[in-house]
Amino acid sequence: SGPEQAFQQRVDDGVRIEPKDWMPQAYRKTLVRQISQHAHSEIVGMLPEGNWLTRAPTLKRKAILQAKIQDEAGHGLYLYSAAETLGVSREEMVDDLLSGKAKYSTIFNYPTLTWADIGMIGWLVDGSAIINQIPLCRCSYGPYARAMVRVCKEESFHQRQGYDLLIQMCRHGTPEQKAMCQDALNRWWWPSLMMFGPPDAASTNSAQSMQWRIKLFSNDELRQKMVDQSVPQAEYLGLTVPDPDLKWNEARGHYDFGEIDWDEFHAVIKGNGPCNRERLQARRDAHEAGAWVREAFSAHAAKQAARRKVA
Amino acid sequence: SGPEQAFQQRVDDGVRIEPKDWMPQAYRKTLVRQISQHAHSEIVGMLPEGNWLTRAPTLKRKAILQAKIQDEAGHGLYLYSAAETLGVSREEMVDDLLSGKAKYSTIFNYPTLTWADIGMIGWLVDGSAIINQIPLCRCSYGPYARAMVRVCKEESFHQRQGYDLLIQMCRHGTPEQKAMCQDALNRWWWPSLMMFGPPDAASTNSAQSMQWRIKLFSNDELRQKMVDQSVPQAEYLGLTVPDPDLKWNEARGHYDFGEIDWDEFHAVIKGNGPCNRERLQARRDAHEAGAWVREAFSAHAAKQAARRKVA
Amino acid sequence: MDDALFEYALRMGDTTLVLSHRLSEWTGHGPVLEEELALSNVSLDLLGQARMWLTLAGDIEGRGRDEDKLAYLRDAPQYRNYLLVEQDNGHYGDTMARQFLFDTWHYFLLEKLSASTDERVAAIAAKGLKEVAYHARRSADLIVRLGDGTDDSHARMQAALEGAWRFAGELFHDDAVTRQLAGQGIVPLHAELAPHWENHVRGVIEEATLSLPPVQESRHPAYAGGIAGRHTEALGYLLAEMQFLQRAYPGASW
Amino acid sequence: MDDALFEYALRMGDTTLVLSHRLSEWTGHGPVLEEELALSNVSLDLLGQARMWLTLAGDIEGRGRDEDKLAYLRDAPQYRNYLLVEQDNGHYGDTMARQFLFDTWHYFLLEKLSASTDERVAAIAAKGLKEVAYHARRSADLIVRLGDGTDDSHARMQAALEGAWRFAGELFHDDAVTRQLAGQGIVPLHAELAPHWENHVRGVIEEATLSLPPVQESRHPAYAGGIAGRHTEALGYLLAEMQFLQRAYPGASW
């Protein structure tokens, strides 16, 4: 159709789509799903890290972690705002999260069991997130692209802090601390690679999203990038990547790596990851316990507005 | 009047009053108050000790503490039963506790701040309780006297265990552990002496209770006994009793001791002890959170009864 | 040192210790005094069993670790308890659903262990079996009374059962440790306990007018790993509290 | 070593640290995202201040204890924070009532401390004052919005205020430490802060349509003692959690 063709032409020409511009319903819907899912991930992602905030081992580490989680809440806010430009309210998005209708990144359904996990989240989880997100700074939808610029800048900072934490534990720590890191790597490695989504062969909506430039590289390309980037970093830490099939492929100029357990990935998506219940319950509890506060804020605002009218 | 005189005569003759016997209303009322207050003390008394159950320093100490708290729950049960023989229901008594109408021993409004406090409760608090209660094994009301026999036997055991805990910390422990005990003694000494109630000069209902033989010694007599018994025990532990006026009086054959801060005692009675709010709130929360369980039990029992009728 | 038996004794010791600890958290906060007493009794029994298992583990290891060193000086990844028992207490129904699934398994397991070819194991199990027979009767009775009580209690118990259910599968998981020990007649294969357990659980659940969740819902790999030291986020907090004094005052005796 | 200033720096360090810790417990559990962010910000500011005060305390003591040794290796009786800040968070209104009473005091105190004759104290206070001016404005604003909100929020805030109120008196307590330091112009007498505090608190409470509890209800001796190391039962649990890693892995660096 005419407007659709014109829209696609603008996208192809690299023109940013802005909220008031015409856009296909499916583009809008896909973006709302993608951006809100991203926002939810930031919010749910506060929980596994928050789990160690009260047990951080030094005051400096505690301050770094608290600042990091704060940044994530901030990312959640920009991203909800970006999604709101598409005509959906934050309330609707939050309701979809709490009802289980909306998803968030599977990675946050894994538990943080030791302090080393905080390092792994910074190094691997934020690392994967950045690889996913850097291309999105150039995506076709303006508000999303701009949010991503800010998010990516902070995420790189977080990734360096996570890696720094691991350097401290692995290269300057006790053997016990290093073992803690190895155990954490064993648990986080595969889930981090799953963050890029199913293999290209099984990825359903990718073609359309690529055409719209709200996805710029395939899942497998990005995943390969993550592996290539992380393996030497693991070596520097003196840690062993838990993949017996991992091997440098001179011909490809990339690391070959083993088969991902997609059954696990699908189980987590369906609600049977280690912490799905706990994460969603924590958000629901917070929402319910906070209802009276939100109601009070509205009531007070209404009273104030009425008073201004009278005055 | 005739029955009152006959009643008093039986008491004077040392005959036990039993539930079905005639008794003056005031006797019944005083006993209900005294026994239910005692029962409530056992129940509320589980809280300060329970506070260290999850932090007991060895598995053996944990087992001893758990068994002790269990005994206290058991004492609460006998005592509520003894009070019920006077025509009051447990539910009414519990309601009076939760509404703040009924009292419990002021001592349980003090916090347990270190593990040494668990020793102090055994040694001093149970010690005071025993001195208060041993005479009650011979009191005029049968069910109460019999409950007291059982309670006292177990309390002596608890007292020895508490003292044993302190011997371990004071005589075989580190200087830090001993300091912990001294700090605990400083906090528990005076409140333990307050457990015997106001000085005889200010004690209002004592004469009548003595006549009825539901009180057998005066507050000050019992308090003196406690001091005389505890001072050498403190010396054996190498601890200093926090009373500069404490001194052996050769002429009296007793220790002289300093003035008790009765303002503190009255503040605690009026609700302004360190933990009054927390203790009552804990009991209220337990009661409210358990309402559905009690309702389910009744509903199930009713169904069962109905089924039996049909069958 | 017999590594497999050491591991197994730790599993039993840690499992009973952690569950005992959770139950002890109810002290002073139970719904009815009689219930609180009973629960405290179960907690104390489990603590006694934990001490025997941990002492056995220490003896087998032979490196001078006694029950306290094992209980207080290992961090979460070294703990070997089943995930079921470390879960937060929730409300009283949650606690009892967890307890019922556990007690039933514990009973059938100890029954087998009391015929162990290892005398030490058999002795601990035989002593525990008497206690656990009572625990299992009591928790089954409570499931029935709470399930077949009011509409509210029924709904709560169904949710509680589903919450605990997912962790039940791990109880029947066999690995190198149980397989080796089963080969020596020291322990049963845990998978062999499952039919007895399911049968009993089904009967009680039916009497309680509740619905048995599908067995496959207890078999997701995400809800297993405790016996290999991969726990849930709940355990770390429990240990931080439990171990505080031993950690803060190293070398002190109490 | 200046014992009084060491003690005072510990009081300030422990007080800001413990309150920061309590606020950080809200992470991921706040009623609204914007509120959660703001609260996290306050927590982080207080943590920064705590680090400065504890570092100062360690410097004064001169025995090699840095901020972490002081924060992680003292047990509750060695902590010197005011009792108000160690109380459990309760619901959001409880947290904000505690915060409002504290922030207001903190503001008036830092205002005086920023004119301290001790340059180190003055510098820490001046830096903190800017942050705390914002904290105090924010918590006053919240008290008004929650107090003058719905009937339910009004009732909750009145109860929250009364719950926190009893611990407010300790903030104005003077002892040998403050008297000595006040004599040197290093700190104000805390009693002198009370009129300013009461005046401001009264204004906000009135605007929030709440009732100010009687001042004598904040003066019971039972609700004081934190600055002398006599705490409530809440602190031990907080420290067991906070200190776990440092206690469990002595000598490790992180």
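By letter and in written order, the chains are A, B, C and D; residue numbering begins at 1 in each of them.
Heads up, the rule we're going with is that contacts are C-beta pairs under 8 Å (C-beta built on N, C-alpha and C of every residue); 3 or more make two chains touch, one makes a residue touch a chain.
Chain-to-protein mapping (UniProt): C, D = Phenylacetate-CoA oxygenase subunit PaaC.
The structure displayed is predicted, hence computed values, not measured ones.
Counted as hops between touching chains, the shortest connection from subunit B to subunit C is 1. Centre-to-centre separation between subunit C and subunit D, using Cα means, comes to 42 Å. Centroids built from CA atoms put subunit D at 35 Å from subunit A.
Among all residues of subunit A, those that touch two or more other chains are 55. Of all residues in subunit C, those touching 2 or more other chains are 75, 236, 240-241, 244, listed in ascending order. The touch graph of the protein chains shown belongs to none of the named shapes. Contacting chain pairs (ordered by label): A-C, A-D, B-C, B-D, C-D. Interface residues of subunit C facing subunit B in the complex, by the touch rule stated above, are 17, 21, 24-25, 27-37, 40-41, 43-44, 47-48, 50-51, 54, 67-68, 71-72, 91-93, 144-146, 148-150, 152-153, 156, 241-242, 244-246, 249, 251-254.
Every residue of subunit A that touches subunit D in the complex is listed here, in rising order: 43, 46-47, 50, 53-63, 66-67, 69-70, 73-74, 76-77, 80, 115, 165, 168-169, 172-174, 176-177, 282, 285-286, 289-297, 299-300, 303. Residues 51, 55, 111-114, 180, 183, 187, 264, 267-268, 272-275, 277-278 of subunit B are the ones touching subunit D in the complex.
Residues 75, 236-237, 239-241, 243-244, 247-248, 250 of subunit D are the ones that touch subunit C when the two sit in their complex. Only residues 75-77, 163, 166, 220-223, 230-233, 236, 240 of subunit C touch subunit A when the two sit together in their complex.
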